[in-house]
Structures are given as C-alpha cells and as structure tokens.
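In what follows, a structure is listed as structure tokens, so that the remarks can point back to it.
The chains carry the letters A, B, C and D, assigned in the order they are written, with residues numbered from 1 in each.
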Amino acid sequence: MYNLLKGKKGIIFGALNSKSIAWKVAEKAFEEGATFTLSNTQVAMRFGEINELAEKCNAEIIPADATNLKDLEHLFTKSMEILGGKIDFVLHSIGMSLNVRKGRVYDDLDYNYFLKTIDISALSFHKVLQTARKLDAINEWGSVLALSYVAAQRTLYGYNDMADAKAILESIARSFGYIYGRDKKVRVNTISQSPTRTTAGSGVKGIDGLIDFTDRMSPLGNADAEDCANFCITMFSDLTKKITMQNIFHDGGFSSMGMSLRAMTQYNKSFGEDVEMNLE
Amino acid sequence: MYNLLKGKKGIIFGALNSKSIAWKVAEKAFEEGATFTLSNTQVAMRFGEINELAEKCNAEIIPADATNLKDLEHLFTKSMEILGGKIDFVLHSIGMSLNVRKGRVYDDLDYNYFLKTIDISALSFHKVLQTARKLDAINEWGSVLALSYVAAQRTLYGYNDMADAKAILESIARSFGYIYGRDKKVRVNTISQSPTRTTAGSGVKGIDGLIDFTDRMSPLGNADAEDCANFCITMFSDLTKKITMQNIFHDGGFSSMGMSLRAMTQYNKSFGEDVEMNLE
Amino acid sequence: MYNLLKGKKGIIFGALNSKSIAWKVAEKAFEEGATFTLSNTQVAMRFGEINELAEKCNAEIIPADATNLKDLEHLFTKSMEILGGKIDFVLHSIGMSLNVRKGRVYDDLDYNYFLKTIDISALSFHKVLQTARKLDAINEWGSVLALSYVAAQRTLYGYNDMADAKAILESIARSFGYIYGRDKKVRVNTISQSPTRTTAGSGVKGIDGLIDFTDRMSPLGNADAEDCANFCITMFSDLTKKITMQNIFHDGGFSSMGMSLRAMTQYNKSFGEDVEMNLE
Amino acid sequence: MYNLLKGKKGIIFGALNSKSIAWKVAEKAFEEGATFTLSNTQVAMRFGEINELAEKCNAEIIPADATNLKDLEHLFTKSMEILGGKIDFVLHSIGMSLNVRKGRVYDDLDYNYFLKTIDISALSFHKVLQTARKLDAINEWGSVLALSYVAAQRTLYGYNDMADAKAILESIARSFGYIYGRDKKVRVNTISQSPTRTTAGSGVKGIDGLIDFTDRMSPLGNADAEDCANFCITMFSDLTKKITMQNIFHDGGFSSMGMSLRAMTQYNKSFGEDVEMNLE
C-alpha cells in the first residue's frame, strides 16, 4: 500500500498457516514491496500450508531448525544468494514448550523439556543473531524483531515455562541489540503482542477465558495477527531507525491496565447479582 | 517486639482512625521503641480519633496542613523540640481528590480540583522534604516513606486523577531522593500498597469488586494495613540503609500477576456456566 | 514519501523554529500527505519562525495557550472548520519550567512555579484531550502523541521539576488513553525521546556533557529531531492502530543500557591514565 | 541484634569466603537467632573457607550441586532433620558463566556454555523451589530469596550471558512465586544488588571502572555485602510477609538514576578540561 519496504530483503521465521502472525507479516511485507525467504522446521512445514504463502508472496522456502547453527548458516547464505544481497529485516516468531504440550505443570517441570523450551523459544533468537553477525549478513540499519508476550513481566497461570522463555528472549534482544547496534547499526526489538488465537497459542490452557478477559481489559480490544503485522512493517521500515533494545507492547492497551469498567462489570456478574456500576 | 526503632524519632502524617495505615504504623513504631509526633489537618482531626492513638503511643499531636510551608516548618521545629533532636523517619500518608469526592469523572475534570489533588497528594511530599532539608531536620541515614498505589503504573477505572497524583508522588521520591541521599544520606521511598479498606480508600468507586478481584489475583491475598505497617518498620530501621528512590510493591504479589487461576475461575463464573478448569 | 498520512487531518503544537521536533513532524506530515493546523502561544510565535513553516506546509496557524480551555476549544473548532472535518492526529510538544528558567534548584523550588510547570507541561495535555473529547473532535482510531523524556523514570541532575512533569504527562496518557480508547477508539501515547538540542532543551543545565554521555551510551547514538519525526509519522498512521497507553523509548537504545564500552572508555579517561579495556 | 529470625530455620547457598554476600547473610542470620545449614558445591568448598563460617555460626555444611535434583533432595531432607523441622528461609546466591570465564564474548557464545550458565545461575533456583515444594519442606510464610543484578533490565558491556541468566532468574521468582504463594503462602523474591567486589564478581570485565561509576551515580554509594545481608534479614523476617514475586533494588539508588552530578563531573574530566558545573 505504501511501499514502506520497497527494495528491502528479509527472512521470516514461523509462518505455519493463515492464522500465524508470521503469515500475515509475510503478506504485508510483500504488499509493501519487500522480497524475502520463508523458513520453518521440516516438521512444521508438513502440517502447514506454507507453500501457498510462498507462491502468493513469490518467496522461496528454506527449511531450518532455528536451534541448529548449520541450518541457520545455510539459511542466511542461501537467502542472500536468492535475494541478491544482504538482509534488511528478520522476523523471529518461534516458540514451543514441551512442558506445556506434555501437561507438565510449573511446579513439576521436566528440566530437559525446560532447557528445550529455552533453546527453541529464546536461544534460537541468539543463534539467528550470532549467525547473521558472523556472516555479516544484515545491512546497516537492518531491523530484527521477535514476538513476545506480557508473561515476560507478569505471571499468567498456565503459561508455564514459556513465561521464562519470553523473559530471556527479551533479555537477548537487549544484550545482542547493544552489540549489533554499536557495531553495525542493526536494531533488535521485541513486540509484546496480545494473546492471539494462532495454532501456537491454542495449546495454552484456559486460553478462551483469558482472551475474553484481556479483550475486555484493553480499551482497544485485543490486537489481532493482522494488526501485529502492520506494526511489524513500521518496525522494519526506515521510519523507526533509532528504536532498539526495546520491548514494545502492541496489545490494545492491556499492559497499562489495572482494571477496566468492562472487565469489572463482567467479573461482578460472577457473583450472580446485579452489581450496579456507575459509568466511568 | 524487636526494638527495631529503639531511640529513633519520627513524624507520622495521616492517622485518622484505627483503620488508617498511618495509625497502624504509629502503633508498631511505638512497640518497636520509637518516639514520634503525629500530624494531621485540623479538619481530619475533628473526625478522627487521633487523641486515643496519641495517648496510647505517648505521642504529641501537632496539627499541620501539609500543603502549608509555615505549618510544616512549625511541625518539624516543634517535633525536634519535643523529641529532643533530629528526626529519623517520616511517614507521608496523605491523599485526597476533590474530583473523586465531587463525582467529576476523568474526562470531565475540574482543573482547580486537579491542581488541588496534586498539591495535597503529591506536592505536599515535596514540601515535607524541602522543609526538612532546609531545617536540616533529618539525621543521616534517616528514612522517609510515602504510600502509593499501583494506579501510578496501570489505569484502574474510577481511580481518577489520584492515579496521576501517585505517579508524580513516586517521581518526587526519586527526584528528591537523589538530592537528599547525595547530600545527607537520607533515603526516600514509596510503598505501593494493596487497595485497603481505609476511610480514605472507601471513596473510590467500585472498591468492593476491585478488592475482591485483587485479592483473588494476589497469591498471598491483599496486604492489609497491619502488614503494611510491619513493612514500614523495616524501611525505617537500620537494616535497609541502602534502599532509596524505589517504589516497592507490598501487595501480596498483585503487581506481578497477569492472571491467576483463582481470579480466572471467578471470572468464568460470570458466563453462567461451569467452565472446567484444570488445576494449575 | 509513502503517503502514510494521506487524507489525515491534524493539529501540531509546539513548532518554534527549525530545530523543534514539532517543526520536523510538521514537515514530514506534510510530505506524507496530511493537512494540519499549527499552534503555539502568542509569545512563542513572536520568537519563532513559524510563519515560514506554515507557508511551506500550507498550514494555518492558530495561536493558543494550551493551558487555556477557551483557547483550546477555539483551536479544535477552528481546525475542524479549516481542515473540513474531524482530527486524526495531534502532537503535543509543550514543556516549560519556571524553576529551571529562574535557577531554582530542586530542593529550593518555588511552588507556584512548580504548579505552573505541571500545568504547562502536563496538565495541558489533559486539557487538549478533554477538550477534544467534549467536542468529539477526533475521529475513531485517531492518534494523540506527547513528547516525554527518560527523566520520568530516572533522575538526571539538573532536570529539576520537569522530571515530575514528564512522569505525570505519561500518567495522563495512560489514564486518558483508557477512556478515549474505550469510548472512541482514540489512542494516546508518549514518545520518550533522546535529549535533543532544541531551543527548549538548551535551558537544561550541563546539557552538553549529558548529550555526549547519552550518545556514547546508546548503541545507535542519540536520536535526533528528524528521527523522532519519522517515528511520529508511523504512530499517526493506520499501521499502529492497536498501540495505546504506552510510553515508547525512541532513544538509540539508551533506556535499556546500563553501561556501554564507549561510555566506559571515555569515563575511564577521566582518571588521567590509559585504562586498557578488552574489546566487547 | 533484634532477634528478627529467632526460631527460624534456613538454608544458605553460596557462601565461599568472607567477601561473599551469602557469608554475611549467614553471620547476620546467626546473630538474629536463626539456625541454618550451609551449602555449596564440592569444588567451591575446596577453595572456600566455609568451615570457619560453619563453626562460627554453629551450622552444618551439606555439599550440593544446585543443578542436581538428587543433591537438592538430600539437602532439604537432611536440613530438616538437622534443624528439627521445616525450613523458613532460603538464600540462593549462585551464578557462574563459562562464557565469561573462557572469554567468549556475547556475539561469539558457546551454546553449551550458555545452557550451562542458565542451568547453574537460574534453573538451579527453580530446582531448589520445585524440590522444596515436592517435599513440602518450607513452612507457611517462608521466604525464599535469590540475588540478582540490574543487568536483568539494562545491558552492561562485558556482563555477557549472565544478564540473560539474571532475567530468567527474576522470571522464575515470579512464576514460582505465584504457585508457591497461592498454595503454601511461601514468598519468593529477588534482590538486585549493587556490583559487589566478591570473588564471583571479580571475573566480570572492567569491574573496577564500573564500580567507580555506579558508586558516583548512586546517591548513597554502592551497597556492600553487609548492607545486602541486613536487607536479606528483613526479607526473611515476619515483617515482610506480603511481599512476593518482586525484584527489589538494593543499590544505593543506582537503578533510579539517569545521571548524577558526581558521575557527570567525573565524566567531564575525561575531556581534559575543567568543565564548570553549577552545584545541583
């Protein structure tokens, strides 16, 4: 629509199906004039419909396990070859907890799973950055984003070890953002997005009630995948060059809310009586 | 019980009746060996039962309007005279919003009331500190506390311009804490306390539902006035000498919660159906 | 360049001369297809070169004292008339401290000046919002921005009562952002900008050393007025619709830094010896 | 001195020598009437002088690798046996980075080392909590503390992957604090301490310049190990029962500082000229 990413080259991790945030980012980036490669694990690709997206966006798919340095090296090298130059933007939308999947609650964690959660959901971000840095694969003023969640700051029951993974993910964005900014003017940020009904999000327990609650708490309602993609585009563009090492909340206002009238009204209904509330 | 404040001299603002946090702080400070004066406005004292407290704690009452520099000067001078030396600790528990009282909602504020809210609830803290500083009325390593609320960080409907007042109160603690620490080793902090059913708190709209919600959100439940007083004692003691310019949450964990199982379960009842929740 | 604000109508407060952030925002907004009015106080306009800007951007100037409700009402009414409809974006770039100007240090404040600082630098933002809200002058999904500074979170000597003003400014953005978002989908945010050598900034004590320090601390260096203007454009655009009640740091990374190699190296030179530092 | 921990039973991890914060905590806890066991790794104990401490405090030493569940189970079981009942307080003062030790910089990390850093410095805290929880080894209102550092929020060059470890450590305190608070009223917090010249701290690069800088930045100067121990005592006592899931800065004010007069004056000397600074 605006040609905001005209001439820019990117790598987008984590598009699984049309509900994925990464999917929407790819669509928008394409509309805004970018060329990019798509990457996901072999397994994820089997379940996903990523070929459809690739065709639509005229993008090549390069499978990679983001925890595997060899795979990442190949991904960056190959992407630069295909796109004809260094990379301008990267989206990291990767997260998975075996503890969540296997129903291990937070006070009965399997520690091998825990390390796996960290490796997949956070350390992979460091590996992406370190690989890019070593290959000098990102242009000056390039922009790298990872998707996070408010659980990094506040505990939500059932979110389990993913909360810790998001905390370290945001820390990596700061730590590596300092070095990459200093040395190559590359900026690194995370976006803390509303809970989103993606395939990934749907594994989290009690997600429906939570999504209702956060929607009523947020003055603008929950941000959806498309909203998030729009914001990502601005963060990849040349208009946000001096933002780095930040975690930006893209959540309809939720993170700054203590209690809204709408959520409180709903909550009060739980007591089975009509609690009268003054407007405001 | 522990003699934590043995030999220490203080000034306690804001004890109105036995529900007040300041009242509990006075009782505990007395138990811990401190001597102090009590201060409140003339009007507040008419409604309060402060004489009873004064007798119990062997404390003199010195009326003062904390927005009035002359009153504050008199209060400090007189307190040092009565207590026989410089002050070691001060509690500021003062807050009032005419907009709340008069039912002016946040998008229809009266701006004279607004400035009055700021003056009474926040600027009074600066006036206390500046008066003390000019009179050199506080001993090295003295400790000054003000009571705050999480509304300084997150919006709670109905809390109105008191949220802004708490934000500036916490800012004043930092700004003056820097100067007073640097020049005289005096530390200045705020305590962000759970919503408390004091006379002051009871003016806030929908306080009952909110107190139920925050109680269910907080793993330890809401902190009450007595809990808060206990913590204040430690902050006045010699064991916390290197903490300054901080806002410390004393709230049963609320400020670090996104959603608890207990609150979510209650919330889900509002939909009139039994939503089954897995434990954790 | 991108037509990001095509068809959008705005009001820009605070353009004084070509160094002003508001000036740059006006230029960029014009380039991006917006129409808008410019506003400043009568006094500021006498010193400024705002007519030049107005001509360049094909904008009308409407003088207003942003602390005066009548002036603000006139400004909004007149702007809608001139622009032919409701407003889509507002920039609030207003701040002034008489305590700073008159050399009153933070432990010797004049309290009338203090209230004036609050009124001009923060309460004016509430007045702008309340006036707009009452006139229903802003379109759904409109975007309102105010400029802030990291002093709202961390004390910088010499920044004086402006720190408290910025703290309350950010609080107002949250408090009003909740209501305006809930009722009209209007988003309200603040941008926390690097120290900038504007006419306004130059009054702050020791600004040169500070600017050097923050520049060396920030991996991307200080953000300048033009960088800030670019970011403002994205915040006014339709691509950031779900961000509200936030304070976003636009500062080259400064706010997330504890200590950089570059700043530490410079600092160590102060000891008059060559302290050898390992790279990293 | 105050009998604040009279009758309380504890476990203290990480006392290496008399410079260690854990060492000071043990001394103070003993003075305050607590009984406790001391724990450290076999290797650490070989270098340390922990026997001297044990004698002084009348405490038994139970070696344990805090990353090893069997060791932790033995430690808790044995401690309860020795102390004659459940535990009231635990101090976790454990951290180590092989990347730091081996000189691997942050953009050239060894990922096995990285996972080791996380395991030792952060996951061990979860293991301690999970083990205690499963054995039901901590009394109601028990208090568990871990030591953290501001690098969890802000990047300090050279602190390397320990920053990420501290970020996840603080996240674990929140995540587990919710569960342990909800189920057993046990509170879990971290203390973010000034940089301290302990044996552990001395491995960090450029620590001297940094300690000078933070000392000049902090209005009360850096907090030392003894100050920290005093604060830990209050956090273990019954006076802080409603504080949980918090990270409390115990740092002389550093975390709330943007720039102090003292640090700026020193910084300005680096330019080899006498920059005149007004006082304030």
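General remarks:
The rule we apply is simple: a residue touches a chain if its C-beta (ideal position, glycine included) is under 8 Å from a C-beta of that chain, and two chains touch if they have at least 3 such contacts.
It should be emphasised that the depicted structure is a prediction, and the values quoted were computed from it without experimental measurement.
The pair with more inter-chain C-beta contacts, choosing from B-C and B-D, is B-D. Each chain's centre was taken as the mean of its CA atoms, and the one lying most distant from chain D is C. Taking each chain's centre as the mean of its C-alpha atoms, chain A lies 40 Å from chain B. Averaged C-alpha coordinates give centres for chain B and chain D that are 29 Å from one another. Once the centre of each chain is set as its mean CA position, chain B and chain C turn out to be 32 Å apart. Multi-chain contact residues of chain D (touching two or more other chains) are listed as 106-107, 154-155, 157, 174, 177-180, 245, 256-257, 260-261, 280.
In terms of which chains touch, the assembly is arranged so that all chains touch all other chains.
Interface of chain B with chain D (complex): residues 2-4, 174, 177-182, 185, 187, 194, 218-221, 223, 227-228, 230-231, 233-234, 237-246, 248-253, 255-257, 260-262, 280. By the touch criterion stated above, chain B contacts chain A in their complex at residues 105-106, 150-151, 153-159, 205-206, 209-210, 213, 256-261, 264, 266-270, 275, 277-280.
Those residues of chain A lying in contact with chain D across their complex are 69, 106-109, 111, 114-115, 118-119, 123, 126-127, 129-130, 133-134, 152, 154-155, 157, 160-161, 163-164, 166-168, 170-172, 174-180, 183, 245.
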